[in-house]
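Take a look at these structures.
Same chain, two partners: chain A is paired with chain B first, then with chain C.
Right, the complex of A and B next:
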């Protein structure tokens, strides 16, 4: 627990100083932080609870559209609309989970693809509300305490706060009763029931929390992009990227998804500039390597080795 | 002694097959009830129906005079059921202590409280020194004891033991017999499905014999082992 809190402190300290040190690399850092936050949120459900979602772009898009529509049509500030988006994302997750969590195996995962698809079609067709397929711009934003939310620095700090809050949430949960319920249901539902745990209720709670957190990052993403299109924000590719970030970094670990975000976004940036068109190929190879040689993900594998070493030492001593 | 658990007229059907037909049983605190029968007799099915892990066709189950027939398994656990699984099912990615913590969190609100409860149960089953080992690494006898620890950590009133003696070597078997007796001495009602006759005869206050889903005999261990229908069911006629 303490070492995780120290880790969080380091993240915040480095983050606070970052814009002053690397003022020209803010955009990629914002991407890393948003993906770290999303993948960590995804992991609450996908890693800790074992319910793999391939539809988390739904919640990203929900957050972004709430910020846009709230601002442009009702003059609502982003913090209100992000809170509303979080509530709506949780309700959507509740209903979707209620419909699909009785399905065991891959059916839940497959069904989540449909959520983002449905939302994408709604965004395309309900032009009066969403601006339709061409997408929408955000032209004005409030300036809380004189802070310009269009500035990259302000956006960086928002993304940093988002990632930090999500990781802090997971640190707390990992030690709490809820964290053990999540893992028990992931490992064996019957055995979890024998411990008095309601598997469906546990999954619903995880899904709702995961969705709500993701949508808050979505709202920030909307501000960062300042222009959103349904086929980008609700894309299956985005859902898959969020899931992969967590899987490659290490499912069900506190820092895995964040490490995954650094590796994937960092590698993605490097490959895009160095290899141009071949970057997706390299991306694919990287995924293959992880799946084949470190199936638990980077942090997952390190943590496991650490535990084993620790235990071996104790057993000898 | 008042009944802790009553199950009346339990019938379980799988499609057209009646796996358990109209079987009743009751248990009072401190009592050990043995459930025996040849392979395929419906012991585990009955066990699962009573604990809520298999759907029942008909029958009624009460725990301390409360009707729990319609309750799902996890709610039965919350009211006082603890169970082991025939093939041990540890949460493999968790340590031994964490496995028991999951169950201890049922009654403990704070982590420190849950840890205390989990450690005391691990001491009771003799796994305290393995607390921080990954559960995946335990051998068979220790996995069994971990199953027991998980079942005990929910602080049950009735504990259901599904073949916890099977496959144990003689010293481990002996330890397990002593341990189950200590559970009943603490006032727990014990229902055990078991193939090891030595354990059944030594431990059970009462034995129910199932064959082809029917109750064919019940009574003290001595009564059932000398019962002709029982001998017939086990050895066949002629």
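Right, the complex of A and C next:
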């Protein structure tokens, strides 16, 4: 655990220097960091706990809309609204999980799509609150300590802090009692129950934490976009993108989702001109490759090979 | 009297639209029942059907119903190929592997259509698109009626296939118990291919019958249909063909009634809310056998 935390510290230090070295490539870096954070949050539930959600865009949208509505209608600063969004996301996740986690099988994955769709319809139709289908602009933001939140550099640091906090959370959980409970429930609910773990409570906690973290990233995303449309922010494709980033990188590993974010956003940038709008084609091809040939994902497969090498060495004496 | 007329009108529209939803749902539920896989690409196969009708119309000037003759067999073989080369490899992997594979197929189909046809909505103009006729004061759209007739024919054909033929018996056997089916000499890999082919064929057929009514767009429509198919199958009960028919009609009626008596802008949401309520109170579906709650 200390090893991973030190690694995260080193990466954080390198990340702090990034805007000074590449001042012109900040937008791509921000998307990598946001997706790394979202995919890692998704992985808490989807990887460590085995409950595949295809509705995480709901929480992204919730965070973004809280920041917008708080700022434009009540003059609330983004950090307060992000905290509120996290609390509301956790409550939403609680009721949603309470509704579906007592059922096994595909029901949870199916319901996640439906809830995200309902939120999207609400955002489109309740114009008095959300500005409707055309979307809303954010015109003013407070300037804490004279920092302009509209500048890409400030947004980069927010995204960096978000990704670092989420990854640190997962590092701590991976060695905590809760982390072992998550994995026990994923592997076999009946055995977990026999060992005194309540599977539904464990899943609920994982979902609430995952939802709260995702919505904070959503708030930052809203500030980065400065213009949000319901059919973009609540899109099924965004949910799918978040899930696939974690799965391709390696489910249930600490660094897998972050690696997935670098690989997928990088590939997306490389083929941007070739495929234009059809960019998700890459996600489709890569997920098939992963499912058929590398079921553990990139980091999962590397870790497995590393462990096998260690055993081979020990066996040789 | 006028109110009763409007009510009957709504019921008629709901039932006819529901017939097409049932057609989409049957494909999904058939595949789930036999292969225990939720096919996330199902809606994209519906869209593929819509675009096949657009293509045949542009190249050969065919009416959508004529193009069914070609589109359905092509859909069947496309399904068999996808099953052979992709899904058969993950049949013994953890269940979400197959789900993720179909998600990948869905993204590939949607984006391949986007690259080929571009993003603007497409449709096929037919002469009977807006013609209606009335039965006992209820106006029925010609397009919807044709779709309804096609649905009834297809469901009847499927019923005969599943209940009166040797392949159908093998399909039902595989659905009930794969290992047991193999022990009595059924080639379950072949059955899986046939079932997935049938599922895709039904999706393509639904797409073709819908094209005079709806515009096709490459990526979003697929997800919408997949979601509708889920709602239909969960309303009825996953893996149950008869229940999918009832679920489809129920969804059509709920949507139309909700849109005309409450807020029309939430038309899509009524089905989803019904779906969540069913998950809450009767997860086995309205007509399914009881699922054990943990």
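FYI, the second predicted complex is superposed on the first by the 305 of 317 C-alpha atoms of A that agree within 3 Å, B and C clash if a C-alpha of one lies under 4 Å from a C-alpha of the other, contacts with A are read in each partner's own complex, and residues count from 1 in each chain.
By definition in this document, contacts are C-beta pairs under 8 Å (C-beta built on N, C-alpha and C of every residue); 3 or more make two chains touch, one makes a residue touch a chain.
Remember, predicted model here, so these are calculated numbers, not experimental data.
A.B. asks: Will chain C clash with chain B on chain A after the two structures are superposed, or do they fit?
C.D. replies: Here the two partners, once superposed via chain A, fit next to each other without clashing.
A.B. asks: Using the superposition on chain A described above, determine whether A:311 touches chain B (first), chain C (second), both, or neither.
C.D. replies: A:311 contacts chain B only, not chain C.
A.B. asks: In the superposed arrangement, which partner chain does A:140 touch: chain B (first), chain C (second), both, or neither?
C.D. replies: neither
A.B. asks: Would you sort A:197 into first (chain B), second (chain C), both or neither based on which partner it touches?
C.D. replies: A:197 contacts chain B only, not chain C.
A.B. asks: Could you figure out whether chain B or chain C reaches more residues of chain A?
C.D. replies: Here the partner covering more residues of chain A is C.
A.B. asks: With chain A's C-alpha centre as vertex, what's the angle to chain B and chain C, nearest 10 degrees?
C.D. replies: Here the answer is 80 degrees.
A.B. asks: Using the superposition on chain A described above, determine whether A:73 touches chain B (first), chain C (second), both, or neither.
C.D. replies: neither
A.B. asks: Between chain B (first) and chain C (second), which, if any, makes contact with A:27: first, second, both or neither?
C.D. replies: neither
A.B. asks: Look at A:177 in the shared chain and tell me whether it touches chain B only, chain C only, both, or neither; answer first, second, both or neither.
C.D. replies: In the superposition, A:177 contacts chain B only.
A.B. asks: Just how close are chain B and chain C at their nearest CA atoms in the overlay, in Å?
C.D. replies: The answer is 10 Å, the least C-alpha separation in the overlay.
A.B. asks: Check chain A for residues that touch chain B in one structure and chain C in the other, and list them.
C.D. replies: Residues common to the chain A contacts of chain C and of chain B are 199, listed in rising order.
A.B. asks: Within their complex, state which residues of chain A touch chain C.
C.D. replies: 52, 99-100, 102-107, 109-111, 113-115, 117-118, 121-122, 124-125, 189, 199-200, 236-237, 240, 244, 247, 275, 277-281, 283-288, 290-292, 295
A.B. asks: If you look only at chain C, which of its residues touch chain A in the complex?
C.D. replies: 38, 86, 89-90, 93, 95-97, 99-101, 103-108, 110-112, 114-115, 119, 219, 223, 227, 230-231, 234, 238, 263, 265-266, 268-269, 272-273, 275-276, 279-280, 283, 291, 293-294
A.B. asks: Can you check the complex and tell me which residues of chain B touch chain A?
C.D. replies: Counting only chain B, the residues touching chain A are 51-53, 72-75, 77-78, 82-83, 85, 89-95, 98, 101-103, 105-106, 109, 111, 114, 132-134, 150-151, 153-154.
A.B. asks: Would you mind writing out the residues of chain A in touch with chain B in their complex?
C.D. replies: Residues 175-177, 180-181, 183-184, 186-188, 190-199, 252, 307-308, 310-311, 314 of chain A touch chain B in their complex.
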